[in-house]
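What follows is chain A paired twice: with chain B in the first complex and chain C in the second.
Then we have the complex of A and B:
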């Protein structure tokens, strides 16, 4: 003791060290956030050069718009499907990877490959793989599922293709975390299960999943955020929100209002709504999971 | 018959041979303790019996059927782990019932009865609805043992189950385990590195070193007539003193000499002829006593008062030795004391192979005292 106490005479030195980070966060996070909040109360013209204070009119307009409310509902449905799908498939793949003994590294690389692709590349690739007329997979999908694949014009198909793409992109991320969590399960517990002859799937559900629950909670939150925000590039490349708004998620609607219709005030209000929804959802998830997760 | 027999059991991990030709026989209803220093292969042996490892060579029989290739779940063995291996998200009761529902065909009511019974035996009835995090180490250990009891297996395997407990609790649990075994009479193989635990718990004790069995015998016999130098030095606290000495025949007897110290070994004459003048003399600290004109002279370097005795370390003719003197003996560091040895409690070991050549006690019958290496080989690495 004593030796280290006098390294800084005052807290000034500490603040100086924090300054670069604080400046960066302030300039690129807090200032834009506050600007967004401010803009959401204004009507904007000419790329935001002229503004007029309108109070909550932007919010009122949005909440009375059928298109916008439809987009909100669509986004929740999309998020539910993507979160459930990417977690379920991720868990399945992670468990297979955990159980396999030969070629683990190769399988792991294969499983997380899609996550390593930039979303824009992934979107472009998938667009052509499942392209209604020239896609490589289209013929087989039509043959196996007995549907006429035409997701450029059929809304639910576009929604499904987009959800599949989003899940496919996210599974690798989940696998990494789940595999890490599985590897944290004490070996003695596996052996106790083995000695009692507990079957593989019962072991997964009754032992591994509860022990992984802190990781799973984290992934639910991260995947939710991903589903709300991360799907933008896929939509932009594959469907542009169409056909007839069938894939017009909130993040895409926001983009269009801001940069296609130049309505920055309205888009800012949408940003605020999106932020509040995701923050609220995350809070609820964490509260609910406190009851079930074993830390 | 629910004994365990292993035949020439070998387990290699890459170029390390962890278990090297073990022939072990645990009798029906016996409590056999497998003891040895860290890395001697005792835990691997246990895991081979459980089926958690598969042997490189050799066979495992449980209850007269070959289970060498049987998966662990079908061997009808229950194991208690050093780490307890309780499921942290389940209550004590769920921990005890989770495995039993898959491992046995007990009905639901029967399982509940068995849990109640095991909880009563282990005195954990009030703890059944708690999770492991809300239990102390000793309580967790009881639950882990309870989980094994509920299974009603052919064989209990215990892997250092007490080593995570504090000293006092360990002594208490030790006594309870002994009681439990007396009551249930289930064949038990118990692995530990603690020779006191081994001696107090085992009907018989198997001492293992470097992947090989050194000796399998009742505890007292292990102490009185160790088959090898390793067993002599390992068993006892502290272990036996050993010193290389020259051995000369004197009629029927023999005299061991090192430095200016001499000890007469009664009836050891024929041994002296066999070993070509050199042997390792062994004598336990408890079998040495202070005597004014004793033949040994010790320079004391350390004294450790243990309360009931004074453990004294020093050099005798250049060799490190320990002596257990009566408590409050008036000796201190730097003193020189004269010692005598109990002539009934002397041992000789082969300097190369380490195998026992001679035990002076007349109470040990000659055939049993005959030195034998566990694996029958003439030499040990």
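Then we have the complex of A and C:
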């Protein structure tokens, strides 16, 4: 199959080269993943000292808990907003970068740097700048729009601040991939659009977006996974899931159940549910794109 | 791109002149978006030089009178220097370890023929579906059972295997010209020598790109260090941000100090991104 695969002739040699990877994925990835499945069927008592097999009771408990179902709904809403927001802004910036003819290299670095932004830094900085009492953003938003902002007590506002932080962090990544996709648009097509007098924004929506669809699908998948798993630091630093669970996404609930309440069986069941949801969403997104994307 | 020879530049010159008749809206849009994305950090930087009373004067966005004193204080009194050192050690070990382990695996997958090759490759790729949160409880228990809690081993071990690195290096090795591989074969060099003398020099761009991606990724980890490191002296800088939150006295948080910590925490990955933007963008399929 492979073009070079007869270069060396030693099965033992091949396995020796693979050994570090196989040991690492076995010990740190597959073994714990399977253990998660097993633990999800147990109940833990006395701070994890005692366990008892309970079958699917953990799952039943979660699926009948209003708090947990609320957290699931919240996570889906959060993912939808973060994915849509970071893709839309990313597309806008990537398109401008594609169009601009002077200073491209400097603009590029200035636009993609949030790729390096640590989530904890994004959370801490926005916690301060949007702080209900000392934040400069809050101050001017209130002054200009005549509204009263207090996301420490108003749930949807906390949710919005969290979403802004997550989008901010993710835009750089999206710009890189979108610009790479735009650069692959054949030059002849640009010229054809030009001759037909297609206006700029129409060209983006009608010509470029369909051509970029494989990249866009990939980014939807990656951004969804990020929204599900990557926002933990934001929640932990900014809201701790509050006010009254308004930002209690699944990853945070999982952390609390495991490491604050020592409910390891229940937390493992939550891990399994997270895995199934993300795997399912990924599968659906790939299937839908198979039908509509122009590969 | 459009300034080739004068003679056949005619069609593309028309394209340039009419595609973007006036570029000022594009520039305005870019500058606006870039300022919007950078403004939180610019403000954070300015306020990191302010004293507590200056910070509490909300609309004051002038340079503060503390100068860089907050930076010095946060690095020494609040131990940010040692958190940053811990982060640096973790990130370098993860970066070097992950690339070394993945290079070996990619050599096996490309230059050997053996049973279960596709199955093993699939097994490596499928690890993308099990991020840390999916296996966090047993992984934590495993570290405790091995006595690895609060050690560098626990911070780095779980990050060593990488589907992305193996995948990209494999693609890269597959694209190496046959003639090069053939000559190495005729010379009878072993696999490690071949890797060191031929493959690594040929893959410098890809390896630097992967290196900077891995470094940024490792530096920015938060959840796993938070759980597996309970000894504050051994903690990484991201979780150090959490320790900083309570800094201040008499009910007034010293936000200037915290912003200094945030700027310091951002600096290493930002410098890595800017310094290695070429290979980074190339690895992502975007040649500069």
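One rule holds in what follows: the second predicted complex is superposed on the first by the 279 of 295 C-alpha atoms of A that agree within 3 Å, B and C clash if a C-alpha of one lies under 4 Å from a C-alpha of the other, contacts with A are read in each partner's own complex, and residues count from 1 in each chain.
Please note the rule applied: a contact is a pair of C-beta atoms (placed from the backbone, for glycine too) under 8 Å apart; a residue touches a chain by one contact, two chains touch by 3 or more.
This is a predicted model, so every value here is computed, not measured.
Chemist: First (chain B), second (chain C), both or neither: which does A:186 touch?
Modeler: first
Chemist: Can you tell me whether chain B or chain C touches more residues on chain A?
Modeler: Touching more residues of chain A than the other partner does is C.
Chemist: A:96 contacts which: chain B (first), chain C (second), both, neither?
Modeler: The answer is second: A:96 touches chain C but not chain B.
Chemist: Tell me which partner A:194 touches in the superposition: chain B (first), chain C (second), both or neither.
Modeler: both
Chemist: For A:290, select first, second, both or neither according to whether it touches chain B, chain C, the two together, or no partner.
Modeler: neither
Chemist: For A:268, decide between first (touching chain B), second (touching chain C), both and neither.
Modeler: second
Chemist: State which residues of chain A lie in both footprints, the one left by chain B and the one left by chain C.
Modeler: Common interface on chain A, chain B vs chain C: 191, 194.
Chemist: If we count contacts the way the header does, which residues on chain A are in touch with chain C in the complex?
Modeler: For chain A paired with chain C, touching residues are 2-11, 13-15, 17-18, 20-22, 24-25, 27-33, 35-36, 39, 89, 92-93, 96-97, 99-103, 105, 107-126, 128-129, 131, 134-136, 139, 168, 171, 176-177, 179-180, 183, 187, 190-191, 194, 225, 229, 232-233, 236-237, 251, 254-255, 258-259, 264, 267-268, 271-272, 274-275, 278-279, 282.
Chemist: Which residues of chain A touch chain B in the complex?
Modeler: 186, 188-189, 191-199, 202, 206-207, 210-211, 213, 294
Chemist: Considering only the defined contacts, which chain C positions touch chain A in the complex?
Modeler: That would be residues 11-12, 14-16, 18-20, 23, 26-27, 29-30, 33-34, 37-38, 40-41, 43-44, 47, 55-56, 58-59, 61, 100-102, 104-105, 107-115, 117, 120, 123-124, 127, 129-142, 157-158, 160-161, 166, 173-174, 176, 178, 181, 184-185, 191, 194, 216, 219-220, 222-223, 226-227, 238-239, 241-242, 244-245, 253, 255, 258-259, 261-262, 265-266, 269-270, 272-274, 277, 281, 284-286, 288 of chain C.
Chemist: For chain B, which residues count as touching chain A in their complex?
Modeler: 50-52, 71-75, 77-79, 81-85, 87-89, 98-100, 102-103, 151
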